[in-house]
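Worksheet for the structure shown next.
Chain IDs A, B, C, D and E follow the sequence of writing; residue 1 opens each chain.
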Amino acid sequence: MSAVLSTHGLVARYGDFQALYGVDTELHAGEAVALIGANGAGKSTFLRAIMGLLPVAREMVRLDGEPVGGTPTDRMVRKGIAIVPEGRRLFSGMSVEDNLRVAIDQAARMGAKGGWTLQRLHQLFPILAEKARTPVQSLSGGQQQMVAIGRALLCQPRVLLCDEISLGLAPKVIREIYAALPEIRAAGTAMIVVEQDVGLAKSASDRLYCMLEGRVTLTGNSAEVTREQIGEAYFGAGHAVV
Amino acid sequence: MTVISQAPVEPPAVTVRRQTPSGRIAMTLAVLGLIALAAMPWWASTGTIRSVLVLCCYIAVAQMWNLLAGYAGLVSVGQQAFMGAAGYALFVFAQTLGINPFVAVFLSLLVPAILAVPLYFLLHRLDGPYFSIGTWVVAEVFRLVASNLPLVNSGAGMSLRVMSQYSAFERNVAMSFLCALMLLVTLGGSYWLLRSRFGLALIAMRDNPVAAASQGVNVAKLRFLIYVAAAVGCGLAGAVYFMAQLRINPPSAFDPMWANVAIFIVMIGGIGSIEGVLIGSLIFFIADRWFGEYGATYFVVLGLMTLLVALYARTGIWGMISKRWDAPWFPIRRTLVDPDR
Amino acid sequence: MDREILLKARDVSKSFGAVRVLHEVSFEVHRGEVLGILGPNGAGKTTLFNMISGDLKTSGGEIHLGGTALRSEPPFRRCKMGIGRTYQIPRPYSGMTTFENLLVAAAFGGGRSERDSYAFCAQVLRDCELADKANKQAGALTLLDRKRLELARALASDPKLLLLDEIAGGLTDEESKDLVALVRRIRDRGVTIVWIEHVLHALLAVADRLMVLNFGEKIAEGVPSEVIAMPEVQRVYMGIEA
Amino acid sequence: MQWFDALVQGVLLGGMYAQYALGMALMFGVMRIVNISHGDLVILLSLIGISMAMAWGLGPFTVLIILVPLGVFMGWLLQKAILNKVVGSDPLPSLIATFGLSIALQNLMLQIWSANSRSLPGEGIESRSIDIGGIYIGLLPVIVLVVATGLTWGLDLTLKRTRFGRALRAAAADVEAAAMTGINPRAVYALATAIAVGILGFAAVFQALRSTVAPADGAAQLIYAFEAVIIGGMGSVWGAFIGSMVLGISQGIGFRIDPGFGVLAGHIVFLIVLATRPQGLFGKA
Amino acid sequence: QTAGKIKLGYISPTTGPLASFGETDGYTLQKIRAVLGGKLTANNGNTYEIEILDRDSQSNPNKSAEIAGNLILNDEIQLLLPASTTDTILPAAEQAELYETPCLSSGAPWQAVIMPRGGDKQSFNWTYHFFWGLDEALNTFVGLWNGLETNKKVGMLFPQNIDGETWGNDSYGLPVPTKKAGYEVFVPGYFQPRTNDFSAQIAEFKKNNCEIIGGITYPDDLKTFVTQCNQQGFKPKAVTVAAALLFPSSVEAMGPLGNGMSSEVWWTPAFPFKSSLTGETSRQLAEQWEADTKKQWTQPLGYSHALLEVAIDVLKRASDPTNRESVRDALAATDLESLVGHIKFDGAVHKNVCKTPIFGGQWVKGEKWPYDLKIVDNSVNQLFQPQQKIQPIQWP
């Protein structure tokens, strides 16, 4: 089975600062992969690089085997990748409904098909139906996170990238969101989930990658990797407490 | 990972570096420069003094704009309101009321100071481009009011004929002294302010006023004071400038060109730095003197240069220099030199 | 527990237009204790903070700090009165270094002279594990470091009462243990803390009492273990049906 | 009667201001681009139109048909070549860039067309009027007002109801996030600026018919456009229209009090609105 | 070898809103430079190098003062020549007076250059001006109107600037001679330049049944005004304004409404004088311009030329043209037949002023160019006969 999405020696930098040093990963259809790692390990950078938000070489990212590295973000979305970005990034000044509608519009424009509709989203997050006319900036933090997830889903992605979606959510909502993930995957959507809570990450994924300082230091089946392995991969072999 | 130790009772002494070798050199040069400026009548021709005066006005006005836009986040395009108001005040005091013009310069600073207070309360709730447009309209209102005000001879304008009562040398001494004072107040004052704790608050307030308020910064008061200070600074420049111009009328007093000049200088030089103001002023001054005679072509080039800076060199010339060499002339950073590492 | 009451809220309400987000909430915080606040997303927790810190005006009710009623004091004055807070979405002064960020708080909120602030701020930086980033531009910090900066800055203003809004989100287990230790130390120094947090285990490790909000109403208050066990709380917050 | 006449003439004047304000409502109000060269673009379009009318003997309607697409193209080019590089939450870069452009454009026009005042031959429509009970209503101002109303209506619907409108508002709020939902922000912005400058094509023709244009004239109307947008409230297209009316009527009545007071009256009303309702008449608090 | 270098400073508005006034300056300078060939042989027998430094005032009074100061103090010119418009001349003249440099200007009514500087109470040592006076322009206006049959009711337009304040002045402005000649005058108040709406003034004029409009405006305001007059059904028999109707381009800009507009005339090819420098007649000069630039002649052309003509004459006569005082003395003693008439500072109206002739003109449909300016009144200076009689405006 070939990968839907794969990276090959992915390198990314912010100006003079190199954040990724040759990251190789792959993601198969319908698969959920967790990406864990300490803060600043480069997880968000990895997702941003895939989305075309950072300049990378063409060959470094492949979608269905086709090199797509550095493609403008909007075209990546058109190719079927969506992201729930770090920090939500909603369209402030617009209502909840208009925020979601933007994604629906674009999906319709691109002719993307998928099972996500407003109704289904409202079942997942009922509060969004209630707040449909509210400007997003006056939502609570967690409510904003829901809009961000909904917006990504309405892009009808084949590959969904989630950057710490549980951040700032009440346990109940996290539970609900993670309960919804299998449903999302059932439709054939592959996912990369960046998550700090290792337990959550393991339970929600088939495989996981652990990153340290811009490199992948561990990969394996989520069910098989041990806490010790993760601990080591997290902080590096040479880790010492100063 | 650091294992957190129990908090020591006395924090260990730390060193904070605030001055740099480059800063010391620059400071010495600046002091010498100011002295040289004040002593111009003894070494420079009247022509040089006249030119330097215009350059000093550029620097002062640009620095006031920089203080507002680059530090306090208040992008004003109407500082000419205060220049014109002070200029007119000088003409009224000196020409109409017969007060010694060199005394009148200082008296005339009261006018922008007093006008700035109600204006601030009119404008203070606006931010970003709203504020800019507001200041522009205020300057227009000043111009229109002056056009209708018989006290200042309405649209016809005024001449400052009393200047001919003083000898060329006396005028030169006064002008040189005023130039030095103007730079001392605007540049030196800004530098002093930025190095003080209010400098910290100013940048904090620009970056995030809400957070600054929750950290104990009285944002409203600080903005108010900066606005009034910039009004007075521009007023001083205006009074000195129009004293040398000898004529004032509504369009010249409230000439939006000053906003253009300030924007050009600060953007080319590098916003948010005193060094940038100096560099930008010098460039603009030289360009204006040397290429001004090329008329329209000169302006096309000037306009395109501004455009290019906005597109490709947002930090201006000083930004590019300081990226390469970390040698500020007017350092305001507080660098923590932690003995622990 | 009859220690002196530092913060007292009586019947505090807040409405945005027709939308009521807080309804007659009353509670007390004793000097030196840690009060944890829980509640589903959008329950009104942050809004409550905003009213204590003066960013928002109350629509009804009273708030007292150490016996004096807070009325129309603007935020900066409340900070000087000893209320320090962090923002859920970090608000660094991005044009300054981390160290200078702290100096603002110490020199204004803390009322120290600039010189006095130096050693103090350096110490706070060390406490918050930001020492090595002291001279880094705050705008270039990672999300985690920005959150640390929020906390450090609030501490630098020398608060009597510290309001923490979701500072543990996105931390690894290791990091959140450190954070808990830090919060404990802050408490031990005599600072009273109110902490909104969704990362329950972190909160439970320090909180002396918990208060739970739901739809703007207080639904529970008391000893953490008891509150957590209440069926109502389990249902609305954790999504566990009794 | 006198005052009623002032009111009518003020409304008609407001129609003219709306031509300037609409494009600005889109660029300044929605995209947060402070376009200082707004007025200069009108002059540029006018001068091109006049030159074409002179060279080929075109009537004003034909010129309009040519200028609007030309404006659309110029707007598209402006956004692609310049503004796309300076958009962002900070309004300063766009202000500086267009400020530079404005100086360059003005002087380039001076070199091409000289400082002479020119106007568009109107084949008499600029002189015709309807007499209603002693109040003369100029045909041209009525056309201007009708066009302004139509443009406002169309633009408002476009922004509120269409896919493009939502995409534009999204891109204005957060460019990167917009791209993450599949919007090509550059294309959306280019289209928006194209529309904004296209509308200026109308302003160009009407301005050149009712008065004259010369290279240095651009700034004169710019301030009114800004005022109208701010009086109306950012982001509201009908707001900009109403703002233009408020401005036109204030000036109209001011002129009757004293011809020298009209412009000042407009500014004063603007400042009063700022002081009492800084978010504008239609802005959200 | 030369006996030294003479520098002339020439300031004119070549960019900005007043650039039309400066349009002929660059052309004329080039021509004169070619004639001189960088050398000037003075009457004292010495040959001097001569350089004319031309500067752009950018239509901005502040710039004009700065440039003048710079030319005087840093370039050390011997003679300053601010070419036209009060915005250029006044600030330059003030600088010249303070820094004791001879200054010769033209291209603005002399009252507008002398009075705002306190000229009613004093005379000046260094600054001289030749042009017609307001009183004569005003009488020319009245002369024009006398040629028409009207109800003698005049509505007037003045802008809120120095020109407007001078022309509208109640003791020496347009209303004075107009009333004296038996006309009734209506001034609704001064307007801001670039006003978009004149319906207030038009209503006032209509109410008072004015058949004549007089005053001073710039071209854009006049076009707006006249267009609105037409819309409002107000059709006066004569529209006579200064400034706006100087340039053929602005008359063309008015479209069919331009036909029949009248104004004062400073200079036309019909002038009977010759250049003392090149020997060209006025007509030759205009034809040369039209051939060289493919543009219709404009009135400042004659004055651009005359200003340099007088300046060269002054330098030639100066005992030491490199010395400012000697140049000033020569300037004061000027007595020259120039392209625009006799230049002599005889103190008839003011020590520093020489008056030049003025006529009344009307724009009519032309042959070579869309509109031609015809002299229709010579009531102030009878140097030559009018080319034709003034006609009431035929409103379309």
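In the analysis below, a contact is a pair of C-beta atoms (placed from the backbone, for glycine too) under 8 Å apart; a residue touches a chain by one contact, two chains touch by 3 or more.
Chain by chain, the UniProt names read as follows: A, C = Branched-chain amino acid transport system ATP-binding protein; B, D = Branched-chain amino acid transport system permease protein.
These numbers come from a predicted model, not from an experiment.
Using the average of C-alpha coordinates as each chain's centre, A ends up farthest from chain B.
When chain centres are defined as mean Cα coordinates, E lies farthest from chain C. If each chain is reduced to the centroid of its CA atoms, chain A and chain E end up 74 Å from each other.
Here the spacing of chain C and chain D, counted between their Cα centres, is 48 Å.
Residues of chain C found to touch two or more other chains are 174.
Counting partner chains per residue, chain B shows two or more touched chains at residues 1-2, 144, 147-148, 295-296, 299.
By the touch criterion given at the top, residues 163, 166-167, 169-170, 172-174, 176-185, 235, 284 of chain D touch chain A in their complex. Within the complex, the chain B residues that touch chain E are 45-48, 50-51, 54, 144, 147-148, 153-161, 163-164, 241, 244-247, 249-252, 255, 257, 289, 292-293, 295-296, 299.
Across the complex, chain C is touched by residues 38-40, 44, 86-87, 127, 134, 138-143, 145-146, 164, 167-173, 175-176, 196, 198, 234 of chain A.
Residue ranges on chain C touching chain B, taken from their complex, read 53-55, 74-77, 79-80, 84-85, 87, 91-97, 99-101, 103-105, 107-111, 114, 118-123, 125-127, 129, 131-132, 134-135, 153-154, 156-157, 174, 178, 181-182, 185, 189. Put simply, chain E touches chain B in their complex at residues 14-15, 53-56, 60-62, 65-67, 69-70, 72-74, 76, 87, 90-91, 94-95, 97-99, 116-118, 159-162, 164-166, 190, 192.
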